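I am attaching a structure below and will ask some questions about it afterwards.
Here the chain labels run A, B and C in written order, and each chain numbers its own residues starting at 1.
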Amino acid sequence: MTESNNKWEYAPSLESTSHIQLKERYDLFIDGKWVKPSDNRYFSSINPATEEKIAEIAWASDADVDLAVKAARKAYTEVWSVMKPSERAKYIFRIARLMQEKARELAVIETLDGGKPIRESRDIDIPLACNHFFYYAGWADKLQDAFPQRNIQSLGVAGQIIPWNFPLLMAAWKIAPALAAGNTVVLKPAESTSLTALKLAEIIEASGLPAGVVNIVTGHGDTGAAIVNHPDIDKIAFTGSTSVGKLIQKAVAGTAKKVSLELGGKSANIVLEDAPIDQAVEGIVNGIFFNQGHVCCAGSRLYVQESIADEVVRKLKQRMESLYLGNPLDKNTDIGAINSKEQLQTIEKYVEIGKKEGADMYQVTCELPAKGFYCRPTIFTNVAQSSVIAQEEIFGPVLTVQTFRTIDEVIQKANNSPYGLAAGVWTDKGSRIFNLTSKLRAGVVWANTYNKFDPASPFGGYKESGFGREGGLHGLEAYLK
Amino acid sequence: MNILKTYKIYIGGQFPRTESGRTYVVKNSSGDPIANVCQSSKKDIRNAVQAARKAFGTWSERSAFNRGQILYRMAEMLDGRKAQFIEELMQQGSSADAAAQEIERSIDRIVYYAGWCDKYQQLLSAVNPVNSSHFNFSVSESTGVVGIVADEASSLIGIISQLMPVIAGGNTAVLIASESLPLCSISFAEVLETSDLPAGVVNILTGSADEMLPTLAEHMDVNALFLSNASKEMVKSTQLAAVDNLKRVLVLNEDWTDESAQGIRFISCFQEIKTTWHPIEQIGGATSTY
Amino acid sequence: MTAQNTPYSTIPTSPTIDKVGVEERVARFQTRSIKGPAKMQGLSMVLSMIDLTTLEGKDTPNKVRQMCYKAQHLHDVQEGLPTVAAVCVYPSMVAVAREALKDSSIKIASVSTAFPSGQAPFEVKKMDTQFAIESGADEIDMVISRGKFFAGEHNFVFDEIAAVKEICGSKRLKVILETGELASLDQVRRASDIAIHAGADFIKTSTGKIQPAATMQVTYTMLMAIRDHFDRTGKMVGMKPAGGISTSKLALHNLVMVKEILGDAWLSNEWFRFGASSLANDVLMQYMKQVTGKYQSVDYFTID
């Protein structure tokens, strides 16, 4: 009989990168062609796990954006808006199928470019992105059935600006409903994660989608601003920070542009004393450490009923110690790299603030890789509602833990925020779930679960978390008159 | 000589004078004074928003059926005071026929929205077939406190048409009445006051929109704004002022006297969609087939 | 005796369990990729944790002797392989196994308490256990009274386990919950807590006679009960999934689960066992694939 305790370590299990095809330099995808940026500027896309350059990306100028908008306008007027809706549907279905066929390659590139664990890009990001196209493809010829009370019409040219946390998935969330509703698109991916959008452009090219229906212009903030300010754009769809969302709102004030904004959050995850406690702990972990906490709806404010607070925190710390942090390409990695150096600095700044505010910090004890941008999963206990770290969006793997006594108290505290994107509720009692879910001012409420997404499920916020919904029938509304 | 009636404003179920103590004289088309009306100020906006926020919880959580009953009661009360409204409409320049038609249409419109109170939810909500073992549904919820700038060219039907979809949807409202045609707004407040509408659900201020709107549009505790047939400048400045807390801003250019200027589309503009997920436990192999 | 002052009443309330959450957690363990040296070490551990089992009405002394031989000689072609942890037989076969295993370090586990149904008078169950021990059993695998459990007589279930443990003395007691009959994970968790507090040295999922048996969801739930008990008292309890684990992959994912929930301390056959009849050969084939680099054929692995 073996008496000694076995130390058992998982060996590295790296996803192969041999099958991916990346160019050294990517141009702009405008009017179905790859176009060099007019002032010949390029910037580098960095692998945040190694700090190595992956590719050079074109930096679109105002003139390039104008070219893209003109292409989109022409495609809208001459082709896409006059095409039979059932034909439009077929193109979108075809894009979905081609994406599925390239799923593994897309997953690896997403992980290389953005730092997220391969498990997440493989099992969550890419399948959801494909499913989103599948879902909306089927709506293209049923729009009038979706809104029988009114005479529906497409908007025209949609300018879409997406963030770096779910690069391909956000591109799918934007492009699929826009196309299904009959609009054409100029999309700008985030500067640190352009690659999968450019791979999507290749897929779109291969799908035979008419030229100009989807245009992908890469670049920095000035490229985004050129889209927002372009006079011939009918619709702006933006996902990103609340501060940039406000800049966009200011820029479009007084114009006829229709806007939908999916912005930041500081979502409350509430655990009551009768909760399924081990699943709640999983939900807390999934809520804040999924995608290194780079999730707009992250459950970053944990509220635990005081009677079980010690137990929950103890179990949470225990669970955190079983998270594997490291090379995002390792199939066993749970926590990958922070998306960029700037974001790492932001997170570290907040961790310092938390310490200064006198909260008790606990960080996972694992080693950090020598290169790359990494942050240990972190929780702060003994936090007050008035602490900065409990109010501001950190967008990293940092959780604040507060206790509460009564349900009324926690409803008030959860709603006590300018944001209103999501919330979590953990309790075994049905009537209590409905009380909480109906009183929490948030666009998505996860009861006894967290961070679930589906193409059929509308997503979006209350208050400063934005307006408009993405996903489901409600998601069509943003792209129709 | 007629005694000029002084119209007060309506805040939190009370009829106070404006904090500013100012009034202005409303004249008819031939230039004769017909009433003294409060020239409300920023402080009145502050008080009205406070009252609207306080009322929001009880109003939005009240049963939809009960909201419908209260709106229908409003229609009954308005019907009972037709004569007064016709007189005011005529004082402000309507012909007798037009005034009679406007009051009838106003009553009809309230009845119409009374009926919507417990129905729009079913049309705006959905059960969503997600690809996992979860029950997922989306419901509509009231946006919150809505600031309304009444159509400057309408005395009664405009107010009704803008106000009813907002409150039928469970929101509370702060309404700035038409500066030139304010009489019916305060008389309508008297109708509201006798219709079992909880205090603070609707608050009505008279005076200059140019003066009060910036305060309302910037107010961090207002969730949405509703402008009707407003000037381009007013729309732009309102949208800019609304950015700080990302108010939803609805700008419409409807002819409210039109029979078709009503519908669920006006309700849905002041609704938020909330999506709820819950796991579905499956045990063993039991299916719906047995 | 009222419920308020029985030993049973000292068991802490069991947490409720959300099954969908458990399924998601288990799916995460199943995405763990075990390669290279980790796989070799894992497979070797699995072999050393097996309770090689025959529990059939048609068991004969010869069948048991053959199985005991296999237990000691898993695959003699390859050096350095461990033996299994134990053989698991009916009480009537314990003496045969004792004779066959002689002074081997392989333990003899005997099922008891009217296995598999447990539907016998308490006295009969005690005699059953007594007989197994006297015949030379090192370990007792008892079944709980599921009928009483469903009738709400949790007290009775508790007392029965405590009484059997008393008979076992220093022999280790595994308590079979028969999770396929308990159906819900909440019931599995409650039964785990009862067994642990009544003195179980191991808790075990199944008899192997009822499907589903040792699903990862069930094992996860029982491991969490062990974890909570350890955190409260500092006392380790062993775990034995039994039934339905016939592939290396599933066995390795079970070990992943043990490692990540309970830690490396549980990764020995003192604290973790697999109850299985056909798992060993699949593990051996995977092991030999790692050694030789070639995919294997069942024809080269003996069945006993």
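Everything below uses one rule, namely that a contact is a pair of C-beta atoms (placed from the backbone, for glycine too) under 8 Å apart; a residue touches a chain by one contact, two chains touch by 3 or more.
Quick caveat: nothing in here was measured; it's all calculated off a predicted structure.
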Item to check | Chain whose Cα centroid lies nearest the overall Cα centroid | outcome: A
Next on the checklist: Need the most distant chain from chain A, centre defined as the mean of C-alpha atoms.
Outcome noted: C
Item to check | Geometric centre distance via CA averages, chain C-chain B, whole Å | outcome: 68
Checklist entry - What is the distance, in whole Å, between the centres of chain A and chain B, each centre taken as the mean of its C-alpha atoms? => result 36
Item to check | Rounded Å distance, chain A centre to chain C centre (Cα mean) | outcome: 44
Item to check | Residue numbers of chain C (touch at least two other chains) | outcome: 18, 20-21
Item to check | Per-residue multi-chain contacts in chain A, two or more chains | outcome: 448-449
Checklist entry - For chain B, what residues touch not just one other chain but two or more? => result 134, 279
Checklist outcome for this item: Listed in rising order, the residues of chain B that touch chain C in the complex are 133-134, 279-284
Item to check | Residue ranges of chain A touching chain C (in the complex, touch as defined) | outcome: 1-13, 119, 123, 274-279, 282-283, 314, 322, 331-332, 428, 448-449
Checklist entry - Once bound in the complex, which stretches of chain C touch chain A? => result 15-18, 20-22, 24-25, 31-39, 41-42, 45, 48, 82, 85, 105, 107, 224, 231, 255, 259-261, 264-265, 267-270
Next on the checklist: Which residues of chain C touch chain B once you look at their complex with the stated criterion?
Outcome noted: 18-21, 23, 183-184
Item to check | Interfacial residue positions of chain A with respect to chain B in the complex | outcome: 131, 149-150, 242, 245-246, 249-250, 252-254, 261, 263, 418, 433, 437-438, 442-449, 452, 454-460, 462-464, 466-467, 469, 472-474
